[in-house]
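All chains are identified by letter, namely A, B, C and D, in their written order; residue positions are counted from 1 within each chain.
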Amino acid sequence: MAAQLINESTKGVFVICPTPFLDDGGLDLDSVDRLVDFYLEKGVSGFTILGLLGEATKLTPDESRSVMARYLARIDGARPVIVGASNPGTDNLVRFANDAMDAGAAGVMVAPLPGLKTDDQVYAYWETVLSRLGPDIPVCYQDYPQTTTVVTSVAVLHRLIDAFPNLVMLKHEESPGLTKITRLRERSDTGEGRRISILVGNGGLHLPQELRRGVDGAMTGFAYPEMLVAVCDRFFAGDAEGAEDVFDAYLPILRHEQQLGFGFAVRKEILRRRGAIATAHVRHPGPKLSPRDLQELDELLARLDRALAG
Amino acid sequence: MAAQLINESTKGVFVICPTPFLDDGGLDLDSVDRLVDFYLEKGVSGFTILGLLGEATKLTPDESRSVMARYLARIDGARPVIVGASNPGTDNLVRFANDAMDAGAAGVMVAPLPGLKTDDQVYAYWETVLSRLGPDIPVCYQDYPQTTTVVTSVAVLHRLIDAFPNLVMLKHEESPGLTKITRLRERSDTGEGRRISILVGNGGLHLPQELRRGVDGAMTGFAYPEMLVAVCDRFFAGDAEGAEDVFDAYLPILRHEQQLGFGFAVRKEILRRRGAIATAHVRHPGPKLSPRDLQELDELLARLDRALAG
Amino acid sequence: MAAQLINESTKGVFVICPTPFLDDGGLDLDSVDRLVDFYLEKGVSGFTILGLLGEATKLTPDESRSVMARYLARIDGARPVIVGASNPGTDNLVRFANDAMDAGAAGVMVAPLPGLKTDDQVYAYWETVLSRLGPDIPVCYQDYPQTTTVVTSVAVLHRLIDAFPNLVMLKHEESPGLTKITRLRERSDTGEGRRISILVGNGGLHLPQELRRGVDGAMTGFAYPEMLVAVCDRFFAGDAEGAEDVFDAYLPILRHEQQLGFGFAVRKEILRRRGAIATAHVRHPGPKLSPRDLQELDELLARLDRALAG
Amino acid sequence: MAAQLINESTKGVFVICPTPFLDDGGLDLDSVDRLVDFYLEKGVSGFTILGLLGEATKLTPDESRSVMARYLARIDGARPVIVGASNPGTDNLVRFANDAMDAGAAGVMVAPLPGLKTDDQVYAYWETVLSRLGPDIPVCYQDYPQTTTVVTSVAVLHRLIDAFPNLVMLKHEESPGLTKITRLRERSDTGEGRRISILVGNGGLHLPQELRRGVDGAMTGFAYPEMLVAVCDRFFAGDAEGAEDVFDAYLPILRHEQQLGFGFAVRKEILRRRGAIATAHVRHPGPKLSPRDLQELDELLARLDRALAG
């Protein structure tokens, strides 16, 4: 099936996908299939693979290609797939992005290189990257200073949006970041600049507020994507309060999963418990849950069950 | 009334107090009285003043003394008062800590100096500070790497607990930090080391889980301290699930207020709306709420009202 | 004697002055007199007090005023004196800056608040600070990301130079930073913007190259200010190579003293050996030289003596 | 020829090698041969490839293997070759390290993963890495906090030295770092722990002082390795002052080349001028020299020529 490309109007919930491993650390491609089916059943609008949660930097190049191929094959055009392409070297970044597009990706996600400081440094990096990717590769800007250390100003985003039509989406993860959304939307609302898609990350921790400020959905790996889907659906159907009611029921587990690093292991464990992957293995270096952590998770999940039942 | 000193068994909710200002930026000492009455009415176990939320670094030394004197006078021994004493110079730190104790403080809170890196560097700093403060000044260790950049290992805490009896309390704000609590408690539970009081910060974002792992309460400035009090009371009465039910109702506003920097202004604004302070003024440099931010807060507080009513 | 204010044309060597202490940590105001005489005898063009080397953050407000008064009294208008006024609170910053000017300072030096990230954040901070200081207080911008973490772009400096005539001087300490000098000078050379004074820091580690790129001198605490004076004098007299010959003789000790933190103690020790201060005491927290460090310094200073004799 | 493995007694100058590129960014393997011949003619004791200067993170895996193969083939056992093996994923790290050893490397160099904070975190990372590399792969610990942000305490190094015989060498680049050398040597001198080889980095900026404190040589990419060789030779022959005389002549250019980031381009440009590589191309993202930078380099190199002639 022909790939659907992402664009400035892309909406909904793009789920950030883990890379499933076997207990011995090898790739578990069967679990890729299970994950895809699980996510499709939960109603996601799209997929994002080979990002941080995908442990992309711990894969060999061959493994990356295998994981990408398997995801693309199983999804089979049913939904757009964004592929993480960040790379310390721009040649490698561009080569892999082109490979991904050739394989059927809907676009690529790139984060700015750690260490960039001033507005001009951030802009110059993207000027090269977006130019070299070229007009045919739609790009999602991963704006995640908590891991990259790069703080991207609204002014830089405006300059890039004006100069590069292939910049079509922002994965918004700066935190606190509500005002940033408002400032971006104010500019496009007044016609001063192009409107791009904004999907929020950080597990969706502030999703209801972010929707009210004008985002188009979420791109995150929260292990209950059906909640994110329901929240977005209700919100876009005009029921902001109903959306937030759904959200609040899941908030205790969401804020638990949202702990940086540690929450990564929580997320894989929940996906395992939900049957979406065979094991919760994380490659070294990475977090591991202790028996005490697992017991705590039991308690939290039992509370979630009661809340959903109640 | 004689001051009550904090010690290893101190429990409950110590509220982190803001410093109230007038709209012109001057001290609003009348609001100190209102705040004290407000907090006492909400049932707090103690007070912590002149910390980050107290904008201590933006006060003149004379203002610091005025604020401290007013808090101590109004509280008048009804509850213990911890005074923030962090300082880039150790002479100043020790002098101010002694002044605070002489004025009736129950102990002082100190954070490690930004820039300390290795275990030995962190230990050496505290070795000097705790020695110079001496055995008669009970110390609360503010462990808040998000603002200090100093990550304190469990090993360093164990060494300090063994060496310095005046280290009686940990304000635990490392995040993620659940495992740190468990490791500290495991050691004292097995009798390998002294047990100290642990009160958690970060707005109480993970308070139910932290209580289950053995903390003694919270020390934070969440603008609804009655929730923290109710959660601790229920938990210590044996009703962990009931405690968490109370907590969950407030979680949406808590996680909104918990945004670093921005949330500081949210907190003062809620306290103003609740009548605890006259204005939400924050001294420069500091965050300010926009009309859009205030509208968002209206919505969130309306939801809280409905949740509490429901 | 009437104070000389610094301005856009200020040139030469402004020496960054330590605060001398007694061995018991108390102020040593007699050594302030000795230091002033020492520096005047070495031919400095001006003084900068109460900066990092002045351990300003470890002084009480009363001590700061005493140190400032003693420096100003001994210098007695013979040279301009810049006073460090950085402060986490803007009210305190402005109050102290006005006090310093009233006492006879030639201007104040301010560094941007740690934690500022984007161009707009840096600009907004300075907009408030420079506005509130007002047109009558000449300001030196301390651009020292190694300690503040704030990287100031050339674009922000241009905006500030255009908007605030009281910004008259840059203490340039970003490293690497040669290109920054060239970009600043290119703009004023072509008449696009106002030219301000640029004095370089970092011990003067790249002073000959910086002079060739257009700076007006140095503002640093290198313990042999006569070298900096000679280098600038020769360079401005047209003898760039001769200036660099003088520089190179001192480079081994300069690069030794230029070690961040550690070099601070080296500098005070050299000043002590040269008779400029009574003891090399640094207040806690601060670096201390071990016997091995002192022996190493013996060797390096012996080499310097031989080089100067040869 | 059989590979020589590095060990605790390895001494001398290991040169950090760049990866030469063509002007179009492709690999320039012919220049690898020229570089090897150049370095051998300058008398280096060994080579280190695929490190930071080798732009390892910007190569494809195939390119890495090509570069390694070409270096190993040209050196042909004449000198030991250390191969950089740092990797965000430990599986990839171990696999590549084994490949390198199979290809004829003398050992691997690994830096700790960025983000590690406490002593226990640093130790735990290395415990896994050194265990998995196993006893047959000699490891050089790259201790370079300026780029990794990881500060390794002396205590952690002692623990690792005691536990892992395959840790045979420290590439010492913490700065300031003279005391760290002394503390490491004091322990092995008193027989409390195993003595490992210490080679210093940072361009050799403090090499004479570091040799006097007990290091075994340098591992750095300074573009005049013959100076490093001469300094080490004279020092180990008992002529410490003569060694430092040689050093001081090159110090002006060394401190210019030692500027982080920028100096990387200076280094490649000097190697190009010396005929060691065909072009100074650096892959994106990376520093570039402007005409003004090149003119400055002309002046500095002319001064060096005069100093060496004089």
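In this section, contacts are C-beta pairs under 8 Å (C-beta built on N, C-alpha and C of every residue); 3 or more make two chains touch, one makes a residue touch a chain.
Just so we're on the same page, UniProt names per chain: A, B, C, D = Dihydrodipicolinate synthase family protein.
Bear in mind that the values here come from a model prediction, so they are computed numbers and not experimental data.
Novice: What's the chain with its C-alpha centre farthest out from subunit D?
Specialist: Following the centroid criterion, the farthest chain would be B.
Novice: Does C-D or B-D have more contacting C-beta pairs?
Specialist: Of the two interfaces, C-D and B-D, more C-beta pairs touch across C-D.
Novice: Between subunit B and subunit D, what distance separates the C-alpha centroids? Give it in angstrom.
Specialist: Their C-alpha centroids are separated by 47 Å.
Novice: How many Å are there between the centre of subunit C and the centre of subunit D, using C-alpha atoms for each centre?
Specialist: Centre-to-centre distance between subunit C and subunit D: 34 Å.
Novice: Give me the residue numbers in subunit C that touch at least two other chains, ranges are fine.
Specialist: Subunit C, residues with two or more chain partners: not present.
Novice: If you look only at subunit D, which of its residues touch subunit A in the complex?
Specialist: It comes out as residues 25, 55, 57-61, 88-92, 95, 113, 125, 128, 283-285.
Novice: Within the complex, which stretch of subunit B touches subunit A?
Specialist: That would be residues 175-176, 178-179, 182, 205-206, 209, 212-213, 241, 244, 248, 251-252, 255-256, 259-263, 290, 292-293, 296, 299-300, 303, 307 of subunit B.
Novice: Can you check the complex and tell me which residues of subunit C touch subunit A?
Specialist: Listed in rising order, the residues of subunit C that touch subunit A are 117-121, 145, 151-156.
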